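What follows is a group of structures, each given as structure tokens.
In the two complexes below, chain A is the common chain; its partner is chain B in one and chain C in the other.
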Partner chain A sequence: MGAILAFAAAGTVAWSGRPMVIPIPWAIPFGSLSFGVDRLSAFFLFPIAMVGGLGAVYAGGYLRRSSGVQAPRFFWFFYSIFFAFLLLVVTARNGLLFLMAWEGRSLASFFLVMVEHREPTVRSAGWTYLIAAHLGTACLLALFILLGDRNPTQDFEGFGVSGREGIRSLLFLLALIGFGVKAGMVPWHVWLPEAHPAAPSPVSAVMSGVMIKTGIYGLLRIMMFLGEPTLWPAWWGWTLVGLGALSGVGGVLLALAQKDLKRLLAYSSVENIGVISLGLGLWLCGVRVGNPAMAALGLWGALLHVWNHAVFKSLLFMSAGAVAHATGTRSLDRLGGLIHGMPFTSLAFFAGSVSLCGLPPFNGFISELLLYGSALAGILQPEGLRRIPVLAVGALGLMGGLALACFATAFGIGFLGQARSEEAAQAHEVSFLIAVPMGVAAVVCLGIGLMSPLAVAFTSFAAFDLMPILPGVIRVGGWEIPALFQRILVANVALCVMLVVLMAARRILLLHRRVEESSTWDCGYAAPTARMQYTASSFIWDILAMARVLRPRVKECRPLGLFPRSARLGTEEQDIFQRLFYNRLWRGIERCSDRLRRLQEGRNQIYVLYLALTVLALLLWKLGFSQ
Partner chain B sequence: MTGIVDFLIVLLLLTNLRILGSSRIPACISAVALQGVLLAVILVSLSSEPLWGGTAAFALLLLAVKGVVLPWLLRRAMRDASVTREVEPFVDFSTLLLLGGGLMGLSFLIARPLQVSAPPSTEKGLLPSAFFTLLTGLLVIITRRKALTQVLGYLTMENGVYLFGVSQAIREPLLIELGILLDVMAAVFVMGIVLFQINREFDHIDTDRLSVLKE
Partner chain C sequence: MTPAFSFVSFGLAITLSPLLLGVIQKTKAFFAGREGAPLMQPYFDFVKLFRKGGVYSRTTSWVFWAGPIANLAAALLSLTFVPLGRIPAPAAFPGDVFMVAYSLSLGRFLMVLAALDTGSAFEGMGASREVRFSLLAEPVFFVSVLTLAVVTQGASLSEIYGTLPRHMVHQGISTIWLAGGAVALVLLVENARIPVDDPTTHLELTMIHEAMVLDHGGIDIGFVQYGAALKLWMFSALVAGAFFPFSSARPFLEVMGGIGGVFAVAVAVGIVESSMARLRLIRVPQLILLAGVLALMALLWAAR
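After this line comes the complex of A and B, so read on.
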């Protein structure tokens, strides 16, 4: 079995490696099934192929000893389909083909989410996901019908709307909702924190890493058809910036309150999608006001963040999966001290967290820097739309800080300190097949960070088709862009060298001394217990206390008196959108459907009456008054 | 020729009203049988060329199936179920006749624009009467309680569809019509069997009392 799995994994990787060699535009028209890879597709193909391949290798190790997955063959079948359709989505050059791939991809991933279908939570998560996916597709269907109504073949080459602004805005809104559902932007994100924890870890890595990015891809692809970029109305940009800020801040705040490691990561995906759409919004605003630096940097930042997030989020999900695999739990309150048992996994998780928080020298830093640069270019311009970039900078800063707090919690509580449970204490290091993809992803994170000039150059290559105005040199506040990134490269390398030197120095200095190890947070007691440590709830309490908007449910019992006997603090977070909006919506729909039930009367005659009335009405409408 | 066709069409309309307004099932069956005969005669009288073998054969077939076989089947089913009257339909008969008159007017209204696109040789009365027959069938299905009368409604509706086909494709109606005929045969056989079984099981063929199965 292992050999078969390994073979499948190797085959997938080999296959996925193929598109990487053709980043130049080409197209094979094949009836209505035309494929093609242009710059944008090639850009999105890279992370899909990489993360998909890594996920396959990882799954090879993950499934071998996993107790949760009962049917590996079932898993591999749908994984291959899922992967093929993912590749098809970004290479399709035909509206119909695109929709088919989109839908097939959703269905395959639905089955992957449902792999562990014996648990009721997994089942409800799967249904939520399926409903969300289909609501999104409904919008897309309308979108493509509108786009292709003067174009019988539905090929992308024939698309292109130069009509009135109302139509184009309608198309934009449809695309925003349809693709936003898949990408997980905030008002439509509720499926994401349900589906990602429910899926097996390799699947959540691929879903979170690249599947939600195809939403971004679709949005960009549709933007290409919406006429001359300089004619796009300004509110498109505002909307995207607003949604981005909402998704980012909302996502990270909700992530803070989570105690399930994979749920936390899922909310952090919402945040990162927010960052990306913020960048896209800045791009639109920049195009609108004719500020090339703002536009270019915004788009580049967004695109680069797509890559980065694909890599580090799949890395994080893979490490979380390894942790769940080793300890059997994902709850932060039952973990702790994993760095002793699983040093490699901890290191990988650490690398992912640092990238996610946008700290140098890792890759998240580069893309966030681009976005800050874009917003800065917007603020520095003499007139027009200056409030938007100010908002963007504020949101970005808030997100960055909160993400740092969030991952300090996740890493500090989960991996440092003392084990809080028996399972955590006995955690063991992962197998080779699981470790390799994590290592590769971590190295890529660092690599993109260090090779930033190269990465930015490739991003600008991908963005070429979407940029109407491209000046030779982009400068922000006196800095020219290529030169800036060369400096960053030097600084990053210097940072790495310094770290290595410092560690070596520590090693040398301590070489001949006695080092005493004691447990973290022992507060000077002689015999501390693991229960004395901060828990996830208490660690994050101060920040959550500020975020009253989210209305966390707090079970609090403060210590009272001089010699308090007991005190406890627990927070519980239910998604505010879920609670305030969706639950009401579903209840309303249910009520309406109940009313509709009266139509289903049970009598044949009544049903035929409905038919006859419809036919008569249609006939009258079409024929009766046509003179 | 036109005079004869017009006369036949008027007869057809009258049979429709007869089906709508009669409470006795044997009378309805006769009316439907008469409709079948009328259809066959209309088909023959419409073909302006000297009678072609195919058309004649088809008309004969039509006559046999709609005028003889189906009524015979229905009569047998009626005897087996021992039902001869449609008591208490959902809508009483005088209202039904009024409704039928309204529908006739509606059919003429609907058919007017279609007359333009139809083949120029088409008779004027054909299209509206096709619509009217169709709507009558639907109305019968909607308002009657007995399964047997619903079958009659279905047959009437099918006659309307057939007439529509005649009016639109006078040249090559054979292939389509043969298909439809086969369809109707099968449907009536199935319904006859179902009727018989329902009757044996429940001692009645009132469809509205079968509504427990709705969920």
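After this line comes the complex of A and C, so read on.
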């Protein structure tokens, strides 16, 4: 087992070194099977290779002590296949190959989700995922058939349609739905919060970190085939901004309502996909109105957020996995106080949370700032489409605040305070193999934040093929972009320096003074217990009360009488889309198929009759046509 | 305008911001018919606090003391982007308002975590309220500043505020004042003033901001108070700049005008605090919503 493990880890790490050698465009035509790495693929290869490699190392440590995963060999087999197909998806240069890779990747990840298949919840999550993946693929199949119909081959070189707007819009919609399902955009996100928590943590890290990003890759790749960007209709941009705002705010609100740490992270992936599509929408609007700064910054922000989210979300999933591993529970209301038993994991989760909330000096801040810059450029233009950027700014601001509330809950309730259960009190730090990938990811988060000019430069390199040449230099408010990001770099460094200086000042001031320990002040009550703390439910109660649209189910037992004996309050959040839309849809389909059941009687005679009737019908049809 | 004056105004902000708290206290004392604490009382408090040792709860970790530090560092960083009157800030770039808002968010995030770190129910309650109100206030703040940006066609805070008086004459003062009113309401929310939060309340159950720092003492609470003073200065400068069309060609007068505006805002806050009670907590979101409506109206008017 150790050998397989080491081999997979080494293999994946070797892979992660590979794309660095070939970031320039190249292609090997091989019959109709062609692979290639162009700028966009190279950009997506980096996070895939990195997160895949880190996930493999992490899995090495995770599987060694885990009792939940029964078959490590099974895991490694599908993990390797999954990883290979992920790489293939972004390097395929042929429609057929792309679809095969896409499908293989979905199947491999389905088996990975089902690793712990003895649990019924995992099984149902796996099936939900499989169905969603195939509904998405159905759209893609139609998309590639339509595209192939208008081109001599399925090869991506010279692929494209330039015809009327109707057909291009149809293709855009198909791509949006097909890839949107995979990316987890609202309202097609329902599989995501089921599948990600069910999978083992290294797999959820890879799925949430990079697999859903291949949906964004696919969308961008298809956009390249849809003719001249300046001819794209304006409503494409609106749609993306609208979906982005919906996914973002909806995703983070639902994330806020979760008590399960991994479910919370899964919903927050929905939010981040929203941020990315918001950026893409701003890009399209900017292209449409001929505002180069708005277009470029929107696209760069979206692309950089792809990277950033890959890093910090895999970091968060890995630390959540470490917590689940150490305590045996993922419920926030049973955790707490982990910062004492698991200082390193807590620090890693903290770094991930700060990045995810888009706070300086970490990497999430840079991509959000790019998006804000794009919106600002849109607002400052003299006329046309100014409401879209205002909507984007409002949505981003709201998302930022909600994400902050969400991760204050996740970190504050989950890792700080007093332990709420025996398991959490006795949690122990993770092993070296688990700690290393978390440390690397955390350092990358801070690194991208502090090396922002470099990251932005690389993003603009990746976006080169997608940016039409618009008149005018890319400036925001008279500033060119590199100068702008140097200033931001200075601000971030200044923030770090001030933090260090203040810390040192405090240390020096306290050096020769009396520092005592005591218990927490609870209004003079001297024996606070863990059960008196705020829980995740109580922390978010007020916020959810404001967002009544989501209709959380509340189990409430108010205190009654003068000397109340007991009072209880519990909230449960079921996905509103799941409840109001998908459940009804499935019930409808079930009812229709129930009616069809009458055809399937189970008697052989009837089936023979069906056969005869079909043959007869075909015969008549053939005769009718030959006349 | 020479850059030297930008640094002078920054230095003034750092030194004079505690005085702002003193002015508010004095105003409230005047309306209550009391003598009140001396104007310099906040300075005396700081001297006292920074000479103390510390008492830490056994439940706490590094997050507990990192909160006040991050809060103060974030406030200092944001202050470098905020202009005083028409004097540009020491640093400026397009979209720096987002830098200001996000670094303030960083401070808030760490303060909320520090509150949760103690495991106290009261601090959890305060933290919950803090995130709830600030998440509503942030988009409002963005929209109102963007309105001013549309009016002035400026991209950074310094550009926006530097040209506001001219636009007040040309485009009518109503848009700018609507946006300024929204920023003023955000000031009350962000700085935990009445009618959102009562900084002098004695009952933990009704507190927001004070409940979060119940366990902090000594140097830590000193950092918290100083960060709060800087934040108040920053928002007062933004409100004053939008309301008073004061502009002069001589930088010295400009600085004096800016400082006068900031203290006028402090007096106004004191008057508001003396004349009304704290709102019930469930009414606070409506107040922020009102600010949001003001900001949106201003924006629609500006971008018509």
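Methods note: the second predicted complex is superposed on the first by the 564 of 627 C-alpha atoms of A that agree within 3 Å, B and C clash if a C-alpha of one lies under 4 Å from a C-alpha of the other, contacts with A are read in each partner's own complex, and residues count from 1 in each chain.
Everything below uses one rule, namely that a contact is a pair of C-beta atoms (placed from the backbone, for glycine too) under 8 Å apart; a residue touches a chain by one contact, two chains touch by 3 or more.
All of these numbers come straight from a predicted model, not from anything done at the bench.
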Query raised in the report: Who wins on chain A residues touched, chain B or chain C?
Result: C
Query raised in the report: After superposition on the shared chain, which partner residues are touched by A:290: those of chain B (first), chain C (second), both, or neither?
Result: neither
Query raised in the report: Can A:616 be said to touch chain B (first), chain C (second), both, or neither?
Result: first
Requested in this report: Report for A:588: first if it touches chain B alone, second if chain C alone, otherwise both or neither.
Outcome: neither
Report task. Determine, under the contact definition given at the top, whether A:605 touches first (chain B), second (chain C), both, or neither. Result -> first
Report summary line: Overlap of the chain B and chain C interfaces on chain A comprises residues none
Requested in this report: Could you please specify the touching residues of chain A with respect to chain B in the complex?
Outcome: 600-606, 608-609, 611-612, 615-616, 619-620, 623-624, 626-627
Query - Touching residues (chain side chain C, partner chain A) in the complex - result: 50, 52-63, 65-66, 69-70, 72-74, 76-77, 80, 91, 93-95, 98-99, 101-103, 105-106, 108-109, 112-113, 115-122, 124-125, 127-129, 131-132, 134-136, 138-139, 141-143, 146, 149-150, 153-156, 159, 204, 214-215, 219-220, 223, 281, 285, 299, 303
Query - Touching residues on chain B, where the partner in the complex is chain A - result: 90, 106, 109-114, 131, 135, 138-139, 141-145, 150, 207-208, 211-215
**Report entry** Partner chain C, residues of chain A touching it in the complex
**Finding:** 336-337, 339-340, 343, 350, 354, 357-360, 365, 368-369, 372-373, 376, 379-380, 386-387, 390, 393-394, 397-398, 400-402, 404-405, 407-408, 411-413, 416-418, 476-479, 484, 487-488, 490-491, 494-495, 498-499, 502-503, 506, 509-510, 513-523, 528, 530, 532-534, 538-543, 546
